[in-house]
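Per-chain numbering from 1; labels A, B, C, D and E assigned in written order.
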């Protein structure tokens, strides 16, 4: 029974666990339930990835109704790969949040926090696994609603305005996606992604499809915080509880990137999007601006969380840049960076969360002198920060390597130079924080309070850090999966690689 | 067009007339209470007339019963709503209010 | 003329959508923003329902064998979307209430001094 | 004829929407939104979408408007002068609108039965669903069976909304919160009428719930209507009494159990060896199985929607009451 | 004698990289007791040297040695192999590590520095990455450890922890990381996308099919990307990093870091471009003249500096460009001279730095103008300084003579008389800014004192420091009289020879 239904389980498990959690009512059992469920989901998704890599695409008809009529769950390498990252991060964040939220969320709301987390996980898994364009919208909304809730749980009142802004922008984005899907449906009469893909080819140059593409791209761009549409992200990440930020920063926007990949490559087909519509130029432009503008803004921030939030926007620029290069390596680097960035940002935000736990602040000034007082936390921060910069032997280097290789394959020398230039800015914003931590004396008021973070926070943080280094050295797992996924996506669209 | 149809359309026309006059009243009357008065009275009579007109269009099956239910419901709720409105307006000490037409719409939904 | 007959419905719906969208992005008051969001979404629903319509068809509930029915699928999708919309509205409004309590205002331009504008 | 009705309704919608832009009185804005919702429900009926119209009227015009009014009671009823430049919004909106109009130019004509969406997937729903699923209401068949997963998702969305509202506002049960009463509570006429209507409304809700297979209606509408009955009760008799009838805690369990009921059907069908939500396996005869499945999941939906709507109302209303006291 | 007889070559390479790393861990483990900590550092350093000697032995006997680790990218593994140039650098680095450790013990204790454990730990890490750089088999491996080296030396540069140190550290990290990411990584990726390989191969990996224009650009990128070679205008980090404690300056900025830079440049020139290809590129000359300008300009700047360490730093910048110039001359002899200069400059410059540190510890003097007459107080130190200075200038009988000799020969062979002139002028400048220091120390009286020299005036630095600087100054002498092993090693490099006809 399990074997056959494996594909549906990553959605169903958290989906069922969420109401169960409400019935359980007490925080501790809920935490155990949530962690167990999330852990199971990550094991299942690993299993799924393995299956997909060995035997090929898994298709699962929900309700037994075949594809264009019923809803299909469809797992190929791309979503299995991202799913592994999402579920694994979720599990680690849950481990981390047990202590972390004590300081940041009112006690009475802990149960709701875990429930919302489970709902968010269910939504994200649903987005990843589903093979139906409208079903994707439904799960997008589940995850979004849960996300708004999660963001607004913090004690700082600024989280409220941040969450509201997120809600408005997110809903506009979702509505745009809805409009886009509607236009596609209108023209093709189907909602199933594969079916859409084959039928869209019949109407390639139709103005309706063009508009549909534009709306979907804009809608998804809001969700993934691509440059001019990123305004919701920094405040939301800055003011949300750290555990939430760690989870969202490493999963939510990444899933949105996946959605963009899915729409562009599987549904519309790369040659249509890029050749006929010239989308790559626009995406590339915004990605490059995102990298520079947001890295620069990140270096200007006083708050470490908002530095990292801006850095996230910049890093999303790298992913979109990879997509916009229109070759297997570029797409692969994008997918790879989804995974890798999840590892680094997860670790970084956890470290910040640990600091927040001890000091109640995430300002740079709070980091002064922490190198001595919270050595393990700051060591984790340092290593993950190096990974963001793209220092060799970390995952950041790997994704950057492939991205630049892809740019050079397409003879975009300037893009390659820009990518590397962008990482210099990362040196600046990470360097500022490290300098405060290692070379400045702590403020008098803080000295007494500082000691190392509790183990329950250090362990997940260090698991991520070690993963950062492990996957930076033994890249066979990640690159193979990403490579396979990228190749598959290019084949799916039945188009050859676009050569310059 | 048979006899029933003619009666039915007459009823419907009468209903629309009253509904329309109610709407005019909402705009033309000078203050809140007179407006509520105009709206609620015409509302009831319009509902009765229209539903009666519609009843004649049915073939006396389930739909007839449904229409009668609707009529009963409207006859209970609509005056109550007007009453509640007027009373709370007085309770709140309001005498003149310019946004009444919209308020009318609101009470209908609140029930 | 044909063009107008074919598309007038969509054009008006587009106009409605854009009105809602305009309210969302230009409104100063947060409640009004939410109202705008709802108008925006409701208009999108109308677009979906419009495409499901078949001229001369009836509601997709079986009457007898030879009836022309409108397409039920858009109806299903929009049923879902309406509920999604009200869920978002509820959360949005709760946020507004909390914002009012925390900041004492729900006007967008009154936040700017506190470095957390909406 | 239909076109003219459609056109007039759309024109009224346009007027309503435009008015919303310029009005500063938020109370009027919210009321206009209610009207907008009603009008769009009418449009839906004209366009044959009766289920949707039902839902829009109950959810959009009913619940949403009540919630907005509840919010207004706390936040004040006038919008302040907007200091932002209007230029950028107008620009964004015109560009978006222009893109959409551009997109309409290649759309399949309105109402044409040869359109792709009437040719590709839908025919099976129309022709086979009465046989495969056995229900006359195709919308219910598609909603609950073919696209049952969407509906599960939708139920979860509603559930998430409850989580969100609870996390944000919470429900205060203050014992002494019946001190100063709003106008309604001393209101004899209202109380009597409410006592008469509430049972009728609940009865109607049950009708909608179980008749959804044959006519317009189903779990969502039923849940909302039932919730409306209790909301009326709460408004007229005070929140405390309403909470005494159905406690917030109980509602939480209800909301959760509705989702669990729905998902449980899916799990059960998995245990029977089928796919998730495969109702064919619920009984020996597939059509009967479909019928059971749809009945149960609609019940689950109804329970969750009812509980969530009422929870949200409680949350909002308990805020209002508190501010009344202040 | 050879205790490593029975070991596989691959194991030896692995050991040479791991041993310092283990040393770093040992240092942390024994951090509580300074004596144990320093003893273990010394033991590890000595052990490392023996390993490198064993590797040298194998190299001479022509045994191919390589070690493949993990495949990071397709067809790109982190792998190591031994080739003569690397061995040369490894020998120098591992030998001087021992000496510097001895010296550092004296210095750190004499100066009562804080955070000594961190110091020794990072020190060992730096050596570990230097070993990895020495034996790297492809550009990827080289790049990885190049970055590791930068990062592991950053805490050493900012050791003092004050504002000046932080500022210096920022410049250090900014320039080194910046150039390496923006230019070097770019150049590496460009090379990879052109050729599909990054392996170091005798004669280079480019061939006629590659566009000369692109290759010329790559050459510039490589030269500036390897910021550790301190070609102007990216030399600022070197003087900035002089805020570090003297042993750090000594080892890192005379041996490990800067030499890793020029070593990388040599490797790239010899094994990636190939000397023949290099001759045909249009930018080779451009870079050559920039190198020559660096030589002269930084010598001039050095003269204006009164702070001894700053003067030495600019002297280093100038000397590094000798090596770059040697590489870019693209003749076999010049390259040999450049390789030789790695060793000879290392011993010379480290002597000078040791002396500077000794002066600082013993008499707390930083500025040259204060050192007049210091020869009376610190005769041994000042003698060593004189030896080092002469070696740097390139006068017999010191080691520097040989390398400069070959460089000039190479310039002549390449028909670049301009370069010959530059080398000569620069030697004169060297004399002008280095020689006055010992001369004034010995032959000018200290201000206000005119008494004859007395034994009691002597106030030398602690013994370990003296020991270290004596050994290195002896090294300067020894390498002049007995350079043959080095030359043999250099002659093993494919395509490089100290013979005029290119060894044919």
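To be clear about the criterion, contacts are C-beta pairs under 8 Å (C-beta built on N, C-alpha and C of every residue); 3 or more make two chains touch, one makes a residue touch a chain.
In this text, all values refer to a predicted model and were calculated from it rather than measured experimentally.
Identification of common neighbours of subunit B and subunit E yields an empty set. The chains that touch both subunit C and subunit E are A.
Annotation: omitting subunit A yields the touching groups B, C, D | E among the remaining chains. Centroid distances built from C-alpha atoms place B farthest away from subunit E. Located most centrally within the structure is A, per distance between chain CA means and the overall CA mean. Just count the C-beta contacts per chain pair and the biggest one is C-D.
Separating the CA-averaged centres of subunit A and subunit C is a span of 28 Å. Taking the mean of the C-alpha atoms as each chain's centre, subunit A and subunit D sit 31 Å apart. Distance between subunit A and subunit E, defined via averaged C-alpha coordinates, is recorded as 44 Å. Between subunit A and subunit B the centroid-to-centroid distance comes to 55 Å (mean Cα coordinates, whole Å).
Residues of subunit E in contact with at least two other chains: none. Chain contacts: subunit C has residues 17, 21, 30, 51, 73-74, 77, 80, 84, 87-88, 91, 95-96, 98 touching two or more partner chains. In subunit B, no position touches at least two other chains. This structure has the following touching chain pairs: A-C, A-D, A-E, B-D, C-D. Taken together, the subunit A residues at the contact with subunit C in this complex read 134, 137-138, 141, 144-145, 148-149, 152, 157-158, 160-165, 167-168, 171-172, 175, 178-179, 182, 185-186, 191, 235, 239. Those residues of subunit A lying in contact with subunit E across their complex are 386, 389-393, 398, 400-402, 404-405, 408-409, 413, 416-417, 420-421, 423-424, 427, 431, 435, 438-439, 473-476, 479. The residues of subunit C lying in touch with subunit D in their complex are 5-23, 25-32, 34-36, 38-39, 42-43, 45-46, 49-62, 68-80, 82-91, 93-98, 100, 106-110.
Taken together, the subunit C residues at the contact with subunit A in this complex read 17, 21, 24, 30, 33, 37, 40-41, 44, 47-48, 51, 73-74, 77, 80-81, 84, 87-88, 91-92, 95-96, 98-99, 102-103, 111, 114, 116-118. Residues of subunit A touching subunit D in their complex: 1, 4-5, 8, 12, 15-16, 18-20, 22-23, 60-65, 68-71, 108-109, 112-113, 115-116, 119, 122, 126, 132, 134-135, 138-139, 141-142, 145-146, 148-149, 152-153, 179, 183, 185-191, 199, 203, 206-212, 214-215.
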